[in-house]
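First the structure, in the form of structure tokens, and then the observations on it.
Chain IDs A, B, C, D, E, F and G follow the sequence of writing; residue 1 opens each chain.
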């Protein structure tokens, strides 16, 4: 025999899914959202997304090469997702240098400090996003108005987000029904015609992405399902109790980053629990925290924080909520 | 151990903050700016030196078994002196450092150092040790403060070098933890004597920065 | 209505290339090499000497303990060598080499092909006959069958399960056996039922073998108490715990045996071997082996004498393809890769699979991305990623606590991992180390 | 309502560890295992409550009465240091078995910044006795919450491929930083 | 004296004394008497906490040293004899002298001498490989080359030589802690006396196959020809299972055996070269030192090997 | 260490007593020494703030301080009248607001006798650095917009709420609180404070 | 959710008699070899002795063993040692202040309520002794290495 046989422990059969196929699956699922946000926010969306992706990839490459001295891991696509999601979580008029700082924090602190893909306990894009939010509150909370601001970048016309209007209004004692007049209709919200981070507005496109990822088995329904379910139930109860003070559940679903967070950010494998029951609990936690922060906190929107906080609970969830073991029920019996 | 060695070991090898991980509360709590960190460091140094001196002076008269309470009293006395003096002469600073001044007492370092060093050595060694440890502590706090101030408000020792704000996160709690984390990583590398790795890391950072700048130029 | 087990499992491409190939008798080779340890348990004790003349079916090594099995000569001829010869693992194992001279069978064996349905033996007699015939589980574990049939005191078997699942991709030997020797197999099942003193038996067959299900359903009408049950295609349904779960909804408790839920599982091949042993006095010296692979020119199913070199099987199936990367004894999920093809077929060899170069290497191993896919597919509800990483760090206490010993080594986790982590490799290491710890604790 | 604000404030918004920087040493030092962290939380709660009550009484009935508030530091530290020891002595006397069980379960805690800090803060906030106690409890719970989350994270990171230089304490601080960042989401709750 | 001062004195004294009594009681109750010598011994120890001494950490070893009646059974391989002498001096006990040891690799089957007969494609871990099968060469006994020993060494005293595929011990760094010995599933590594002037002779092979088989699979295998056994005047060499073993306690380093070995399986380390001899298998220990000095890259390589990340 | 004191109970109590006595005595005296300076420092700070916000005066406003109950129950405002040669030139009012982002903020508001604002100083606040803390003069000149305005025509509400105060960007809450404190000072002064 | 979680410590057998073994626990956590151990007042640096009453194997003095203690028992100890007394103090405090008692008095009484509590503990001392029992196992090779790792 001229060629040598290969010997390895079983199994000798490998599935077709690889990190790459999964990551590119997510990227494909994100494309409709990108398209919609470019439609609404124009060049701003384009510049911000491109900057975020390029700088995230660049930092990942440089850090793996010069600091970790590992083989570059760029091709797996995870840095692209981090860049894209970071961009989707900021307003479309954010100056380039702030985005670069965000990407550096996301990749440098949020991901590579822990050893790169698979080792970070927190969602890198959110680490970057929240860091920016805390560090640069002014630019991070001025939201370009959709369509109007299409051809503008730094000088974009800004307005408030629906959640911002709601929070401010309720604080001043106005009724929700009155405030709703200042806010586009639910249908408009679903399409994405509202102020907000460039990727979070496009509800319809996000749902499309969800369907794609579920179909491709990139993710399962448990995390998004439990988050959205919890938010609907929680806000629904509040709404039934006092519709003057609390907005309806659909409003809460469609505004802010709930859909983006539930579909793309909470589902990040690395920072979410392993067992199905754990994932459900994780989702419930995110849902509850989101609503609590929205209703009672200083920030009008709480999804990012909720996900990060629940990321911190993931090890505990993994430790105490194990998958149901085969043969466990009749132990000793 | 030579006097010099006693003095210098507190700076890197046995730096209270970076190597021993002690006295972390004031380290994080008071370093919103270089000057605050420095002041806190000095206050601590004062208490450290004075209490070391006194402790090593009286150690022979204190029965072993009441050593700890006696030391606590001595240290707390000096802390109170610092408190009163600061209130009288630098009230603004006192307000900023606030709660952390009384906490000097607990600062694990002092108790620890008093136990570990002063009770065993002569007065001179003890005071040198206290000075070394204290200044090492002050150095750590100043460095941390300077970095946080630089990143957080674009200033150093109060001199602003950028217009506008810096990255607020560094002034707030998260930045304190993160910066300290990286500083400890660097000290650990140095302490392991792995000079090459340190150089590698630094040159790695430099290379990253350079490539990045190059990239920016290129993209322009 | 298709049943299946509840949790986990994967569905690799089935590739049952040789499903339509009738079982052929492979010609008797010139020499055979018969290892004395072809089963789980103590190796058998050699009872022949060099230069002895032996007949086909003659005992050449005797069971050496409770968990052990007789070994019979698979050919007639002269013992030329008794020595340690490398087996498929490369390690040397005691084996008996026999030079073939003719094919003279032991007198007691009934060589007729007539199906003999009636038997009139007591449970003990059956078990003894099975023991003498050296029958071991042919489903892969090669556990001496008479041990499984001797139900421990205080326990009672209620149900016999015949495992016709053949969930491994590529393999078709059980499938063909059910089609071609269905009646004999069912008689064997009846014998096993008698041995276990149970009234009921279920033959579980995956739905990708519809012809076998139909065929056996028809035949089973003539056999009281035997039911045929179709199952949804899902690997590792053939694992006995999964099969029991699928058929009875009972879960074998962690650390327990099937008998603790009142069942005993036997492979269809075993049932057939039992038929031959009891009705025809024919010990286990040949078995059905599938030779297959995408680039194999003639995927086939052969009846092969134990001890035949794998090389000869491959030749008979059209020779070794040029692009061979791996030769596997068994299926792609649980089989063993051979370091060379000059090793004998043993009682446990259910198939020879040839994998082309292009498919024989794993992908580049990356860090675990915690995608939890391995957790999702593990039929035992374990967390393979965790088992691997604690084993990697030699935290065996933790490995034990995470119930590494429950792993059935099905390989679903390694199969599914997008990071190509060698999960099962490490889990096996963990099992071995934890096993040692448990043993030393008992000692 | 006051109590709710005190509780939420001390647990989430102004978490002792993540926002107030108190008790960092045990936070970094005793957070390697979740079980220990849980135990630590129980013990800290007890110590903090007892210490707060005692220091409150001393502040009100001794220091203020005699006009020597400036002696706060020295008296508090002495009281707290001896109190913790006293509890241990009593425990050892009344039930050696219980003492042993606790000993193997937990490292002994003596004073740390958090205990003294809470005592001083409670006085500084001009709370009455009950509020001080509630404040102490909430602070301890906040401490425990941070500690338990953190120990979970650290246990998980023991199984990750953290780069060499960052292993151990450095990565712990980075995690604490991100945790603090996440906790900023609670800003404004109370 | 003003009131304030008086109040101060009274309160502080009162609280102070009460506290002192409590703390005193506490100290009395809790303080297990710790022999100050424990600290002293500990200070002298390398504090590597490697466990080579058989105790979980250096401190425990120190305690044990203080407790034990004599130091016969206690030995810190890292610090070696010198350290044990220091410890003995601190404790005023006698130290037993132990010959310094070093780890040696008893396999010379480099890629060149021992061809591969298949490719291993499993996890990069020697034990896993050994569990699966005998390895990717014909020799059932030889080194698998996956570096588990290198990973096990806490002193960075080993690296994998990429040219030969065998681990190399860096003599100066090796502390004879034995971690590698325990790690190797094939029992290839042995701790041997360092020998006078660090010179030593050993059979770098553990192949117990018959000569022909062994030779077929590896050019430098010991074939059990008994030539060395006959050559040795000191009965230091025994042959069992076609394999020679040199007892380092009996060997006097006369070097007679090495030249007679037909397969060059006997390695001589740190001897001055004999001129008349044909060049042998490169002496690994020496090679290691040479390379360690000249070419730090190798050390880096070893480090990389040590790094779980780098290996994936 | 030959002469180490032994650990007998008598020695111990004695040693501690001595340590405690020495420490207490010295602290007592140091306290006495620093007491004066501490109070002076506090006073100086207050006076400095007053000086900043009212026109030049000749009296001692601290001594002339009087308290006026505010609209918040139980809380009073301190009024420091500034007289220049017995003529009231302005009043510094220590006022507060609870509407801030975190904790109560204290301002020293200087009102001229007609109620128009002379100048304002922040005494105490705990607003977020970089956001709310821009209200203090050292951080930005945002607060200049109040100087010289008379609340009768300068509505002390942020523009968002229909007033005239331009809020600090992204810190409307702090701005509101600031305005609220100023308004409290103004109202109290107009209703009860004039003297 | 594994319900058989245990806390383990490595120790050395110090004393033995017919029905009990005293094991010295090698320092908690990593303290023994920590460079800051002397300066540290957080974790104890003292040796603990533990009495074990149920055991099967033979042990000899000086032998390294592993002491096991079930986690749930640990939590029970925690409850009795710290949580319950804290609750008592807190409840007494609430009741007394609620009843309008003077702060000083209620504070003192709340603290004082610990006295009867400890008295009760003292009375049920022997019962506790039975509850909080440790089990002991021989230290096997691998465990040894694992405990070393804990220190690194």
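Following the convention adopted for this analysis, a residue touches a chain if its C-beta (ideal position, glycine included) is under 8 Å from a C-beta of that chain, and two chains touch if they have at least 3 such contacts.
Predicted model, so just to flag it, every value in this text is computed and none were measured.
Undergrad: Hop across touching chains from subunit D and tell me the fewest hops that reach subunit F.
TA: Contact-graph shortest path, subunit D to subunit F, evaluates to 1.
Undergrad: Give the label of the chain whose average Cα location is farthest from that of subunit E.
TA: F
Undergrad: Between A-E and A-F, which chain pair shares more contacting C-beta pairs?
TA: A-E
Undergrad: Could you put a whole-Å number on the gap between the CA centroids of subunit F and subunit G?
TA: 51
Undergrad: I'd like the Å distance between the centres of subunit E and subunit F, where a centre is the mean of that chain's Cα atoms.
TA: Subunit E and subunit F have C-alpha centres separated by 70 Å.
Undergrad: Could you tell me the distance, in whole angstrom, between the mean C-alpha positions of subunit A and subunit C?
TA: 48
Undergrad: Report the inter-centroid distance (CA atoms only) between subunit D and subunit G in whole Å.
TA: It comes to 20 Å between the two C-alpha centres.
Undergrad: Which positions in subunit A are in touch with at least two other chains?
TA: Residues 5-9, 67-68, 109, 115-116, 118-119, 131, 134, 137, 298, 322 of subunit A each touch two or more of the other chains.
Undergrad: Which residues belonging to subunit C are in contact with no fewer than two other chains?
TA: Expected reply: 339-340, 360-362, 366-367, 386, 393, 422, 425, 428.
Undergrad: Which subunit E residues sit where two or more other chains touch them?
TA: 4, 8, 11-12, 16, 19-20, 23-24, 30, 117-118, 121-123, 128, 132-133, 136, 308-309
Undergrad: Using the touch definition up top, name the residues of subunit D that touch subunit B in the complex.
TA: 18-25, 28-29, 70-74, 76-78, 81-82, 111-113, 116-117, 120-121, 124, 165-166, 168-174, 176-178, 180-181, 184
Undergrad: What part of subunit B is in contact with subunit D in the complex they form?
TA: 21-29, 68-69, 72-73, 76-77, 79-80, 83-84, 99, 102-103, 105-108, 169, 172-178, 180-182, 184-186, 188-189, 197, 201
Undergrad: State the interface residues of subunit E toward subunit C in the complex, per the touch definition above.
TA: The touching residues are 117-118, 121-123, 125, 127-128, 131-136, 140, 308-309, 312.
Undergrad: Quick one: which bits of subunit B touch subunit E in the complex? Just the residue numbers, please.
TA: On the subunit B side, the touching residues are 65-66, 68-70, 72-73.
Undergrad: Considering only the defined contacts, which subunit D positions touch subunit F in the complex?
TA: Interface residues on subunit D, with respect to subunit F: 68, 70-71, 74, 188.
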